[in-house]
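In the two complexes that follow, chain A is the common piece, with chain B as its partner first and chain C second.
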Partner chain A sequence: MTMPPMSSVRPPPPRAVPDALSAAADVGPRSDRGRRAYQARTQAAPYLFLLPYFLTCVVFFIYPLCYAAVLAFYHTDGAVRKVFVGWDNFRFVVTDPDFHRALRNTILFTACSIGIQLPLSLGLAMLLNQKTDRLKNIFRLIIFAPNLVGQVFVGILFGMLFAPRFGLFNKLLQALIGWGLEERWLADPVLVMPAIVIASLWLYVGFNMIYFLAALQNVDQSLVDAAKIDGAGPWQTFLNVTVPAIAPVATFVLVTSTIGSFQLFELPYTLLQNNNSGFGPDNSGLTIVGYLYRQAFESGDLGTGAAVGWLLTCIILVVSLVQIKLASKVGSER
Partner chain B sequence: MEFPYGRAPLGIMLLAIVAAGVVLLSGGTKNDQPFDLIFVTFTKEHAAAYQKALPAFEAANNCRVQIQVVDDRALQSRLQSAMQVGADVPDMVELQDGFMSFFTKGMLDDVQFRDLTDRLKSSGLYDQLVTNRFSKWSSRGRIFALPHDVHPTMLAYRKDIVQQLGIDVNKLTTWDEFARVGREVVTKDHDGDGTIDHYMLDLPIDGDVVMQLLALQRGVPMFDADGNVQLDNDAFVDVMCWYVKQIQGKDRMAFPAGWGQNLSQAMIDGLVLFYFCPDWRTMQFEFDVPSLKGKMGLMPLPAWEPGSRRTSTWGATGLAFPKRGRNFELAWKLAMYLYYDPAQLGPRFLQTNILPPLKSAWTQPQFSEVDDFWQISLGQTFIPLANDVPPAPSNAYHYTAVNKMSKAFTRASRYYAEHGEQGLREVARRELQQSAEEVRAEMRRNIFLQEPAAKQTASAAAATSAEVGR
Partner chain C sequence: MNGVRLTLLILIAIFLALLPISRRFAMRYARLALLLVVGTVIMLPFVWLICASFKDKAVLNEYTFLPPPTKISAQTINLDNFRTLFEPTATVQGPVSFWRYVFNSIFLAATGTFMSMVFSSMGGYALAKYRFRGRAFILTFMLASMAIPGVVLLAPTFEVIWRFGWMDTFRALLIPGAVSVFGIFLFRQAILRVPDDLIEAGRIDGCGEFRIYMTLVMPLVRPMTGAYCLISFLAAWNAFIGPNIFLQSQGNLTLPVVLNQYITVFEQQYGVFLAGTLLAIVLPAVLFLSLQREFISGLTSGAVKQ
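The block that comes next holds the complex of A and B.
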């Protein structure tokens, strides 16, 4: 057996190759071809495995996204025809009072969602992170369970709970504070948004709690102990040890909750389904996605729907970037 | 031979191949359509009634018909999507009231349902039906679906409690009188617990469909037959002002009992004494609240002015034929059999309590039978009102108008709650005018509706004639 000249021996491939195979690759021209084929296969493998996802992504995400961008400049009433209208769809949307209402409602919901839901989730996570509580696993399950049923179920359920005179929520309020038996949560424009927030709290507090719980369990206990030895109280320990430790998870929860809140649709749609206009009296439960749905699928104007979709994408992008920037700034200051 | 990337990727690949095979095979099975006609409806009650009648039709025509039940919203959105992308559509489809609007946004030629106008008129069927019902299924003068029903609307009430309270329903001939008596009912607290025992009427808090129903009773639909918005018509202002006073403030006499179980419970408890009851709702109530058998009554709607119309209409079903349906002649034959065969309509009335629009069918004996639950002949109760049911023209912007009207209603209602009657009329008028303008603005954006209606109608008629000729 002739050994190949040293100059023909290539440097080892960048990926780890089992020793036995590596040795076998160094034994002659035929083996060299085999090695190159093996290398090609090895290098192609990740792309082959990614191909189905990539194709799916192109067909169901990239293409619709690009098509929606084109469609946003067309008037598409009717099943068959479309006519180029330039920026008219965007102009209509930004001047439409219903869109303004939807934007206000969505921002209000997002603010409530972030301002109430996240602190509540964190508080519950801290309570359930106590080592002494034997029932914590049961409580975790109970608090997380609403998330298993989904928004449609919650919408229908709370539609019954909020019924005037007969709804359990109204009866409970009446029993506790002597008010609320005949309150029309889903028919009074002032009460519709609180009703949606209450239903969403029930649904999502447990979900975000799980993230916070996981983050709290990863807080370095030695740092907490060191802080205690240094004389830090519970509040100081929380602010200076726990918060920095959970900051990445908190940022993630903040951003995903914000995006989720801006995309709110199913909950108000099902909660207010008995309302003939779909999203509550005076559009008090209308969200941006609800507005998009109404334009695209109730009015049949896919062009305007696409324009709303792109506006929503821009809004979410800006808000998320601002949040991430702020979070990283706060994190670096700490 | 060993798979070069290891066992796990091999397993994933095999799984993918098997899954793809299963999908392909099941897709192939789905596409096999052994049925000659596919008929889609959104109500189980209709489907059950049609299923009973189908075997005779199938035997007589040597064909197979499949009836599918699809939730109403899913039916609308799936059909709309299928028509937009050219996917499979059923041969016949029942549409709910208002849903025609989704399909008539474009030019008349682009409506994906067959234009039935000429066929209906040349066959003489048009004149045999309650002609006002065609307005629900028309666009720009062309008819795109067959009316299934008339749906005259009355008030259903708790006969026993109303009698106990000494109310004579025969004297409740106008809405003002009804409201006056209602206010007396609401002020009485028989059990002394501080909460109201009985409300006179079930009224949705946001106006909703009842606002439309009451305006229709005055003869003013949201759109006229030419497609003009009428929300700012005086009749709407009058109805809105009357309505908000019944649901807000100290003089209110109505309660929003809601739907389904909530309404049933409100009626069982006597919390609400009267509710709006088109023919279809009589059967719903029989199913939902059998315990009230013999305790319920029906009366015509009180009139807006003494001697004026005592009914209105709520809801509708229409049978449309997608243009890409497979066997139109057979589908038409089935439609005539199910919808307008008097021998079918008598027994079906007993199953559904729904009055068909074919006037000659009303003489069938079933329309005189006494209903066990209501203890009256529902046929003889609803038939005298049928010809007085007002037309309610369909429009592509129906749901936009509903939404805008609801907005105006809520604002007027809030004004009344905060400021009382002073200035209410001006506020109601202003809000309705604004709503009407917003609807008009959206309509003006639709360049496909800008083409003169006459031209579109002529074009559609020519297309239909060519189709009939083929």
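The block that comes next holds the complex of A and C.
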């Protein structure tokens, strides 16, 4: 770390200030040179503080972003050779059955994480949302703990838990409902997506719970009490007091988990590694980013990778805008 | 395993027995029971992982968790998995020890965290405490840039890194990640609460702008710094796509990449890569336990007003 050069242009050294009176006088006219130097340095300082950001932003964000727009129209072979092909990359991607599969899987996964995981997170948060502090803190810690584990490690771990006959998950299922001991979760095209959803549920349920819990703790208790006095049942109180109060956080959680779900990659990639079949039998665990990764870095076609990236960006943008619109509409109706 | 259904039935039976006695008490019991069940389900994979790492490969599939106390001996419970894990493996570039990957991971995560902590807090300070031309534009631009999924940049960044000749170096991971927009926002949020008078007082006393940031502002946002460091460390520690694409020679790899490789290398004795996974989880867990309060408040500070 070097000091920004501006700090060497200092105003005149502070005079000894004997009492408050002369400190007040200090605010008055100063030497012209001093003021100009002072102004110069407070004006330049923010840009210098932001300099690292500007540099990395230009080189690793703006340039790649523009370049991605160009690259999407080229056929590439590794980082060396490329040929302009117009819209061919996009045409190839949207007609590729593998991409359709990836799109279907990703939408299914997103629907599951919104439809199953978010309600569960909210339920757990409500279960924890009590005054008794100790229980809340301990269980918050326990339920959040899987988030310390990266998707890769979760993939490795659950790859073993889902093993037929010996896997913990299969044994647990057998003990609970008498089915599932011999199921080959990661080799059966029908069961691959459920397995991914279950593993991600374990991983992320605590993450969104933290947000819901923070929002619930901020709900104005006097409103809840007032509703109770007015004779509202627990369900009515929940709908009319709690839901509007946590709506902003709920929208935030909804949008961020949708964006996250659309970018799912590492978990299925490692989870399905063991079967030596890429993304599961019949591409049953292929996601959009998985497809991008395969095209760009396993086949070396960066152009198609960039095209997939743009398609994904458009999908995410449209979906999150629709969600935000819907959420604000629901919010204004209340 | 037959005990699972029995335990659940007992828990439900207690609830039904309590219900006619006191509804309130029954509800409190139900909450505790439900939390216990959920907590157990969430902890089970961890417990299983720890047991599997220490079981000998001969009995790995024989017992769900640990062998019964009468059967515990050096033949069933030992450190063989760890021993195999740390045996140097022969690669094209000569033998590589598992320590090497641990070191790479720690170095990358620690250096990356330190750099992005310094640069992001500097950016956050500038945006929180200065009025300057282009400030509103920069803020909007940053927000917009957060909305763009990182994978769009994957293919072009690959080419940038390749042109710079940074392939297979740590620079390829450290420098693009040196400033985090998320971090800038987090620090801005925290620094906004630092009183302006304090900064002004520092100026009057002749502090340079950088010294004000270093000695006056940063100590006041220490909780946020802790939270950010942990978030950033975890992200770097668990990162997979970047290291997997940019790092190539075996001696440069990080834990997630190597353990992913080991799934196929140690297919027949999976206790080995489970032991490695356990080690890869332990360090972040220790960090988290020591910083968990700051961590959670840091996570939610953007979304929830406190």
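Observations on the structure shown:
Convention: the second predicted complex is superposed on the first by the 299 of 334 C-alpha atoms of A that agree within 3 Å, B and C clash if a C-alpha of one lies under 4 Å from a C-alpha of the other, contacts with A are read in each partner's own complex, and residues count from 1 in each chain.
By our rule, contacts are C-beta pairs under 8 Å (C-beta built on N, C-alpha and C of every residue); 3 or more make two chains touch, one makes a residue touch a chain.
Computed from a prediction, not measured in an experiment: that's the story for all the values here.
On the superposed chain A, the two partners chain B and chain C do not both fit; they clash. Of the two partner chains placed around the shared chain by superposition, chain B is the only one that A:P189 touches, whereas chain C remains out of contact. After overlaying the two complexes on the shared chain, residue contacts for A:F92 are found with chain B alone; chain C is out of touch.
Which of chain B and chain C touches more residues of chain A is settled by the count: it is C. Legend: residue contacts after superposition of the two complexes on their common chain; A:E298 is shown touching chain B, with no touch to chain C. Contacts of A:D220 after superposition on the shared chain: neither chain B nor chain C is touched. Contact with chain C, but none with chain B, is seen for A:L312 once the two complexes are overlaid on the shared chain. In the overlay built on the shared chain, the residue A:R81 is in contact with chain B alone; chain C does not reach it.
In the superposition on chain A, A:F262 makes contact with chain C only, not with chain B.
Applying the stated contact rule after C-alpha superposition, one finds that A:F166 touches each of chain B and chain C. When both complexes are aligned on chain A, the segment of chain C among 204-212, 222-230, 276-284 or 294-302 whose C-alpha atoms clash with chain B is 204-212.
In the three-chain superposition model, chain A touches both chain B and chain C at residues 38, 41, 45, 49, 52, 79, 160, 165-166, 274, 276, 297.
By the touch criterion stated above, chain A contacts chain C in their complex at residues 1, 3-4, 6-8, 10-11, 13-14, 26, 38, 41-43, 45-50, 52-53, 56-57, 59-61, 63-65, 67-68, 71, 79, 124, 127-128, 130, 135, 139-146, 148-153, 155-161, 165-166, 168, 171-172, 174-176, 202, 206, 210-211, 214-215, 218, 248-249, 252-253, 259, 262-263, 265-266, 269-270, 273-274, 276, 289, 292-293, 296-297, 302-303, 305-306, 309-310, 312-313, 316-317, 320. Against chain A, in their complex, chain B makes its touches with residues 4-5, 9, 12, 16, 77, 80, 83-84, 102-103, 105-107, 110, 112, 195, 204-206, 208-209, 255-256, 258-259, 261-262, 265-266, 271, 396-397, 399-400, 402-403, 406-407, 409-411, 414, 438, 442, 445-449. Chain contact summary for the complex, chain A toward chain B: residues 38, 41, 45, 49, 52, 75, 77-81, 83, 85, 88, 92, 97-98, 160, 163-166, 181, 184, 187-189, 274-278, 280-284, 294, 297-301.
Residues of chain C that touch chain A in their complex: 1-5, 8, 31-32, 34-35, 38-39, 42-46, 48-49, 52, 61, 64, 118-119, 122-123, 125-127, 130, 132, 135, 138, 145, 147-160, 162-163, 175-176, 178-179, 181, 184, 203-206, 208-211, 213, 234, 237-241, 245, 256, 259-260, 263-264, 267, 270, 273-274, 277, 280-281, 284-285, 288, 292, 296, 299-300, 303-306.
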